[in-house]
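Heads up, the next two complexes both have chain A, just with different partners, chain B and then chain C.
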Partner chain A sequence: MSLFFDAALILLAIVVALKVVTGRDPLTDVIAFIAYGIVLTLVWVRLAAVDVALTEVAVGSGATGLVLLRAAGAAATAKQEARPGRVTKGLAALVSLVVFLLLAAAVLAWPKPQPSLALAVAEHLPATGLGNPITGVLIVFRALDTLLETVVLLLALVGIWALAPDRTGARAWSGTPAPLSGMTPSGAQVLLAQLLLPVGLLVTVYQFWAGANVPAGAFQGGAVLGAMWVLLLLARLAPLPRLEQPGLAVLVLAGPFAFLATGLAGWVWAGGFLDYPEGIEKPVIIVVEAAIVVSIGVTLGLLVLGPAGPQAADRPGADAS
Partner chain B sequence: MSLAADIFTVLCLLAGLVFFAAGSIGLIRLPDPLSRLHGLTKADNVGLFFVVLGLLPQAGSVLAAVKMLLIWLLLQVAAGTVAQILAEYAQALGRSGGGRR
Partner chain C sequence: MSAAPLIGLGGAALVAIGLYGLIVGSDGLKRVLAFNILGGGMFLVFGAVARRGADGGFGGDPVPHALVITGIVVAFSATALAVALLNRLAAASAEEGKAPSDTPGGPS
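And then the complex of A and B:
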C-alpha cells in the first residue's frame, strides 16, 4: 500500500517537474514550480525528514515561489530582445542536465552501508542542551554552515538590489519597492490579514521555541514571520518600507551579526570560533536564534518585494501605502 | 470500542474522499472560473472536515484533536479568502474582456 503511494508520489513529482520546464509562459511555469515544491514537501515527509519538509514548503515553495511570481510579472512586460534566446535556453538545459547526471552518479555511487554521523550526533546531543538532533547539528556541530546560510540570504538580497537599474537623481538602494498588487485589497483579504497576523506571530514564536526539541526552527519561523509581513503589505495594512531606513538594515543584519559575534566571542569564553560557553549554551543559542528568526523574516520579505521601483520613489508625493 | 472508532474513521475518510474527488473533477470539468471555484471550495471545507472528523478518534489525545480542528478552521479561513480573491480577480478579468481561463 505504501509502495503504491510512494510510486504515485514519485510519478507526480516527475510530471510536475516536467510541467515546470514545458509551460507556455513564465507565469504557468512559476505556478507549476510552486506545485512542485508542495509535491517535494510530501516526498520529504515520506522520507521522515520533517525539518526539510517544513523548510521546503515555507522557503522553497512559498518564499521562492513569490519571488518568482514577481519576476514572472516583470518578465511579461520585458522587451522581446531582453528575453533569453534559443542558445541561452539550450545552455541552461545543458548545465541542468550535467548537474542532474553528476548528482545521480553521486547518489548511486554511495558506499554501502552509507557513512553516517547520526550515532555521534546522538551521543553528544545532551551536551548541547537541545532535544532536536537537527537543531543540534545546525546550531552546534555544524554552526559554521548555518552562519553561512544566514549570510547567503543577505547576499541574495544584496544581489537583487544590485541588479536593479540605477535611477538618476536618487541615492542607490533608496525608495520604496513597487506595490505587491495593483488591485485594491478586498474586504476578505484585509480580514484574512487581521485574523492571521496574531496566529502567524504565535506560530513564529512556537517554531523558534519548539525547534530546540521537535522539528521546527529559525528558518521555518522566519519564513512564517516574513509571510505575515507580506500579508499585511498585500492588505495594505502596513506601509511599503523605505529601503534606506537604518532600522531596516539593523533588522536584516541582526541575525548574521549576532551569530558572528557569538562565534568570535567563542574564542574568549570557550577557546574556539563558534564554541558556546559551558553551562549557558541554551540561553546563548536562544538569543542568537531569535535574532536569526527576525532577520530571516525581514530578509525574505524584502526578497519578495524586490528593489525600489523607479516609479514609486521618483514621483514626488507618491502614495505611501 | 476501538473497532467502532475504526469503522467511523474509514466511513468519514471515504466521505471526505468523495468530496475531494468531486471538487477536483469540478475544478477540471466545470466551464467558468466561478463554478470551478465553487467546486474547489466544497472539497476544501466539506472534504477536509470529513477527513479531520474521521481522524479525531485516532488522535490519541484531546490536545492533538483540538490541534486538528484548529488546522481545519485555519484552512477554512484561508481557502474562503483565496476563493473570494480569485473570484474578484476573475470578474475583473471578465469585465476587461481578457478572461480566457
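And then the complex of A and C:
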C-alpha cells in the first residue's frame, strides 16, 4: 500500500516536471515548479529525511519560487529565442534517455551492503551534545561545508547587488530594491501578515531551538524568518531596506563571521580549525546557530528583493539617511 | 521492491526531464527552471542512496542528508543570481529596443 503511495508521488513529480518543461506561459511554469517542490517535499518525507523535506519546502520550493515569480513577469516581455527544431529536440531526448538509463543502471546495481557513515555519526554524536544527527553533521562533523555555504549565500548577494543599474551621483550598493509588488496590498494581505508574523517568529525560534534534537535547524528557521520579512514587505507594513545601512551589513555578516570566529578560536581552545571546546560545545553551537538564523533570514530576503532599483536616485533626499 | 529503488528511479527520470528542458529551453527562465528540476532529481537519487544506508537507529545516512540540505541552499543562491542576471538582461534589451524607436515618435 505504501509502495503504491510512493509510486503515485513519483508519478506526480514526473508529470509536474514535464508540465514545467513543456509549458508555454512563464507564470504557469513557475507556479508548476513551486508545486514540483512541494511534491518533492513529500517524497523526502517518504525517504525518512524530514530535515531535507523542511529545507526543500522552505528554500527549494518557497524562496526559489518567489525569486522565479519575480522573473516570470520579465520573461513574458523578453524576446523569445527561436524554438529548437525537430532534430535538436530528438537529439536532446536521446541524450536525456541515455542519462536516465545510466542513472537507472547505477540505482539498480547498488553495492551491497550500502556504504554508510550512519554508524560513525551514531558513535560520535553524543560527544557533540546534540540529538539530531543532521544538525551534528552540519554544524560539527562537516562544519566547513556549512561555513562555506553561508559564504556562497553572501557571494550570491554580492553578485546580485553588483547588477544594479548605474545611477549617476549615487554610491555603489545604495538605494532600495524595487518593491515586491506594484499593487497596493489588500486588507486581507495586511491582516494575513499581522496574524502570521508572531506565528512565524515562534516557528523560527522553535526550529532553531528544537533543531538540536529533532528534525529542524538553523537554515529552515532562517528561511521562515526571511519569509516573515517578505510578508511584511508585501503588506507594506515594513519599509524597503536601504542597502547602504550599516545595520543591514551587520545582520548579513553576523552568521558567517560568528562561524568563522568560532572556527579560528578552535585552534586556541581545542587544537584545530572549527573544533569546539570540550564540555561547552552546546552553548557555543547555539550562539553560532542563532547568528546563522538571523543572517540566513536577512540574506534570503535580500536575495528575493534583488538589486537596488534605478528609481532610488531620483527621489529627493535619497542621499540623506 | 522497497521505496528506495523506486524513488531512485524516479529521481533518474526527473534528471532526464530536467536535462531535456535545459537543452530545448527557448528562454533563460525556462532553462533555470529545467536546471532546478534536474537538481531536484539528482538530490532524490542521493536521498535514495541515503535511505539504503540507514543504520545506527537513523532513518537514513545523515551525511548525504546534510549534503543535500547544503545543496538546496546553494542551488537557491545560484538561481537567485541567475534570475537577477535575467532581469538585468531584460531591462537592458528593453532600453536598447526603446532608444531607436523613440526618435521618430517625438518626446516620450
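Basically, the second predicted complex is superposed on the first by the 279 of 321 C-alpha atoms of A that agree within 3 Å, B and C clash if a C-alpha of one lies under 4 Å from a C-alpha of the other, contacts with A are read in each partner's own complex, and residues count from 1 in each chain.
In the analysis below, a residue touches a chain if its C-beta (ideal position, glycine included) is under 8 Å from a C-beta of that chain, and two chains touch if they have at least 3 such contacts.
In this text, all values refer to a predicted model and were calculated from it rather than measured experimentally.
**Q** Go through the superposed model and pick first if A:Lys282 touches only chain B, second if only chain C, both, or neither.
**A** In the superposed model, A:Lys282 contacts neither chain B nor chain C.
**Q** Figure out whether A:Leu192 sits in contact with chain B (first) or chain C (second), or with both, or with neither.
**A** Once the two structures are laid over each other on A, A:Leu192 reaches chain B alone.
**Q** Mind working out whether A:Ala92 is in touch with chain B, chain C, both or neither, as first, second, both or neither?
**A** It touches chain C, and chain B stays clear.
**Q** After lining up the shared chain so the two structures overlap, which partner does A:Gly136 touch, if you call chain B first and chain C second: first, second, both or neither?
**A** second
**Q** For A:His124, is the partner it touches chain B (first), chain C (second), both, or none of the two (neither)?
**A** Touch status of A:His124: no partner.
**Q** Have a look at where A:Met183 lands relative to chain B and chain C in the superposition and call it first, second, both or neither.
**A** After superposition on chain A, A:Met183 lies in contact with chain B alone.
**Q** By residue count, is chain A touched more by chain B or by chain C?
**A** C
**Q** Taking the contacts chain A makes with chain B in one complex and with chain C in the other, which residues are shared?
**A** Touching chain B in the first complex and chain C in the second, no residue of chain A appears in both lists.
**Q** Okay, in this complex, where on chain B does chain A touch?
**A** 74, 77-78, 80-81, 84-85, 88-89, 92
**Q** Which stretch or stretches of chain C touch chain A in the complex?
**A** 1-21, 23-30, 32-34, 36-37, 40-41, 43-45, 47-63, 65-70, 72-81, 83-91, 93-94
**Q** Flag every residue of chain A that touches chain C in the complex, lowest number first.
**A** My answer: residues 2-3, 6-7, 10-11, 13-14, 17-18, 20-22, 26, 29-30, 33, 36-37, 40, 43-44, 46-49, 51-52, 55-56, 59-60, 63-64, 67-68, 70-72, 74-75, 77-84, 88-89, 91-93, 95-97, 99-100, 103-104, 106-108, 110, 114-119, 121-123, 133-134, 136-138, 141-142, 145-146, 149, 152-153, 155-156, 159-160, 163, 165, 217, 219, 300, 303-304, 306-307.
**Q** Along chain A, where are the residues that touch chain B in the complex?
**A** Its residues touching chain B are 183, 186, 188-189, 191-192, 195-196, 199.
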